[in-house]
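For reference, chains read A, B, C and D in written order, and residue numbers begin at 1 within each chain.
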Amino acid sequence: MLEDMKKRVYDANMLLPSYDLVTFTWGNVSEIDRDKGLFVIKPSGVDYDKLTPDDMVVVDLEGHVVEGELNPSSDTPTHMHLYNAFPEIGGVVHTHSPWAVAYAQAGMDVPAMGTTHADTFYGDVPAASALTQEEVESAYELNTGVVIEREFKARHLDPMAVPAVLVRQHGPFTWGKDAHDAVHNAKVLEVVAEMDYHAMQLNPHGDLRIPQYLLDKHYYRKHGANAYYGQKH
Amino acid sequence: MLEDMKKRVYDANMLLPSYDLVTFTWGNVSEIDRDKGLFVIKPSGVDYDKLTPDDMVVVDLEGHVVEGELNPSSDTPTHMHLYNAFPEIGGVVHTHSPWAVAYAQAGMDVPAMGTTHADTFYGDVPAASALTQEEVESAYELNTGVVIEREFKARHLDPMAVPAVLVRQHGPFTWGKDAHDAVHNAKVLEVVAEMDYHAMQLNPHGDLRIPQYLLDKHYYRKHGANAYYGQKH
Amino acid sequence: MLEDMKKRVYDANMLLPSYDLVTFTWGNVSEIDRDKGLFVIKPSGVDYDKLTPDDMVVVDLEGHVVEGELNPSSDTPTHMHLYNAFPEIGGVVHTHSPWAVAYAQAGMDVPAMGTTHADTFYGDVPAASALTQEEVESAYELNTGVVIEREFKARHLDPMAVPAVLVRQHGPFTWGKDAHDAVHNAKVLEVVAEMDYHAMQLNPHGDLRIPQYLLDKHYYRKHGANAYYGQKH
Amino acid sequence: MLEDMKKRVYDANMLLPSYDLVTFTWGNVSEIDRDKGLFVIKPSGVDYDKLTPDDMVVVDLEGHVVEGELNPSSDTPTHMHLYNAFPEIGGVVHTHSPWAVAYAQAGMDVPAMGTTHADTFYGDVPAASALTQEEVESAYELNTGVVIEREFKARHLDPMAVPAVLVRQHGPFTWGKDAHDAVHNAKVLEVVAEMDYHAMQLNPHGDLRIPQYLLDKHYYRKHGANAYYGQKH
């Protein structure tokens, strides 16, 4: 079942090493079929060079494995919660990409400093509050999703406008309209985290935040009804 | 029309990923035929691995597409303005290369610190003033060119002696006698931005600017009537 | 003798350049056969692209070469001492990987800041005390092992829970259940050293240490009887 | 003439891009035949992928081209002066490798901080004093060699024990017993410059210099009559 989606999810997972976003098996990508209420996710701890489309695991929105020989990613409950919390999203990615992790470990948002950021993210990428001890010790991976949802609600953020978050002491989750788009956003986040780091080291006391009107200009040049970047499809 | 130039502009665009200057489609190169008053530029938002010479778009100096199926780069008005403002230049490049962007986001010139810089740039590479809200909200891409021209005029800079600029909160534009030369300058800028960053972190309070006589020596070793670097052609 | 192990040790050594952990010949991997009391190690100063499985050297636990045409790694006495001091370990790696060396030169532990660290190391990776002049001038390589053992004893560390150390002014040694596992740990150490460096530069005054309950959660998600990461084998 | 040496010098030059030590044509390697009093050097400004062994230029110790169609490297007088000043050396390399250049631009020695350094360099790699205006405006490239020689004399350094220098605002020159050895030293310098930079950022107020006895131990483990690293040849 869902053979086309398995192939797409496999391809999106394989983009992670080619984009230099993962070491070893430290990443996972999923995509959802909203009509069927099922998502397809990478199995846990399998080397990228041994992965095949058939290894992908089909899971329902309560977290039950519907098809697949292998255990799904240990982060499956986080993906599930994000699909339940954010009905607009179609794909989810988790990595330990080093620049985004540095911000997650520092407990700092990746600030919107430039047009590279604004082309994809409509504002700062938030560092979520840390999970409490109880949240870690009970349903940890599910609560990782809960904490992300809570952060977006508390900040009144639209998950499709800012399709990324940093989980404290952990690393980035990104999402998008499908798995490929979510991987794209994971790469953009890594690139802007690196740019911002160096800009802040160069000018530690400056006000480096992009003006709102430039953020608007670049974001809406690529998104929404008045977008004019790229080709009409 | 302009088939040779399309091939050259295609080749110059393809150098960007091979020089590690672009992520995704975030770069564009153009070249001008001054006799015809036409320039050739990359289409907007097309993946580098799908690009062909035939995809290049021919544009005139008022910004009208003269030939081409695809939309030209969204930065086409910036290229156009630079060709109009700087009659000596023959090629223009824009990238989001990460070290140059870090300086653009920090709002700092890339200072002339060493001979690596002086071999190509006769002085600091300027960070232009930010566009005003009005400049962003009206003809944004054209005004990006206007701001660059204004910065060069205000600083009395010769665009052929300093063939590069940083657009605030955005990234580098470089140029040169043709498209290939402009890409070369984009790579030099990225390399010296990285070197300067680390030199400033090592010695944050030192006066690290290259002496004028050493800047002169290296620049004129490679440029002008008395150049003696390389082979006679 | 030990042909299978020679092949495994050769393969593990060849992972070092493919994981970007060595320059030139600056690394060595060994693995032990506990029943026979023999370990197999890379020869000293041989280029990776000239190495063959037959070049591996067999050494006993008193440091005598039992088989092999070539001199064993000059660090052989360190490996030997670690095998003697830590009976649980099955493989040892030494590299000069640049991020771990930076911490070794700075004389600083690689702190447990995130889940990337906690998935492999149960706590900070210690920077051992420097060798004394006498320890350097007598049996230097053996004493390198002595200093490592002393550090683990002084800190009451379990070498299988924290399978890595930084030797001051030198670089990392890592170990594991076999040669391949030890190389894996060498790569994890390099990656977390890089992440921690950038986190500390971003937030130099913050308390960036991972909470104990999150360290527990991630470490035991992958290790011990209740591990649930990956596939059952 | 000197066909074998031309091939060796060509090969050594081609190592520079494979070791990530050059951008564009910014590097040159030479080797000397002391019996004939001639050295072979790369031509000026030729792309590495177009270079052939036959392009190498033969020069005598007064700087006259003895054989070769192409102009020799513009840095030829520096190489010549080093061969004249340091009779023990057999090969010379110049690059603009970015970490070494950062130190050259910062005007700082690359300090001996660790065993990676001590295995190759017996002490700090000196940043030479800047050339004076007169030295730059008269025989610049020759005076670059003069300044290097002066620095080594003033510091009582043995050029075979510390086979590298940083020319201020410029970059590294390294040397060795032959061209290949000089390139090896260029790579070591780049690697230790990177390690030292990060160690100093981690621990800016610490005393990070390697103790003399550890410097001695590592240097003499690889050099001189009592060396025991590697294989007997």
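Here is the rule we use: a residue touches a chain if its C-beta (ideal position, glycine included) is under 8 Å from a C-beta of that chain, and two chains touch if they have at least 3 such contacts.
Predicted model, so just to flag it, every value in this text is computed and none were measured.
**Student:** What chains, if any, are shared contacts of chain B and chain C?
**Tutor:** Chains in contact with chain B as well as chain C: A, D.
**Student:** Taking shared residue numbers divided by all residue numbers at the interface, is the value for chain A and chain C over half (same) or under half (different)?
**Tutor:** Homomeric contact, different residues on each side for the most part.
**Student:** Rounded to the nearest 5 degrees, what is the angle of the rotation relating the C-alpha atoms of chain B to those of chain D?
**Tutor:** 90
**Student:** With chain centres defined as mean CA positions, report which chain is farthest from chain A.
**Tutor:** D
**Student:** Taking the mean of the C-alpha atoms as each chain's centre, how many Å separate chain C from chain D?
**Tutor:** 33
**Student:** Which whole number of Å gives the spacing of the CA centres of chain A and chain D?
**Tutor:** A distance of 46 Å separates the two centres.
**Student:** Using the touch rule from the top of the page, what residues of chain C touch 2 or more other chains?
**Tutor:** Residues 200-201 of chain C each touch two or more of the other chains.
**Student:** Drawing the touching chains as a network, do you get a line, a ring, a star, a complete graph or other?
**Tutor:** If you draw each chain as a dot and join those that touch, you get a single closed ring.
**Student:** Would you please name all pairs of chains that touch?
**Tutor:** All touching pairs, sorted by chain label, are A-B, A-C, B-D, C-D.
**Student:** Would you pull the chain A residues touching chain C in the complex into a rising list?
**Tutor:** 23-26, 43-46, 70-71, 74, 96, 98-99, 101-108, 130-131, 133, 136-137, 140, 169-171, 197, 200-201
**Student:** So in the complex, which bits of chain A are touching chain B?
**Tutor:** The contact residues of chain A facing chain B are 113-116, 119, 184, 187-188, 191, 194-196, 198-203, 206, 208, 210-211, 213-214, 217, 221, 228-232.
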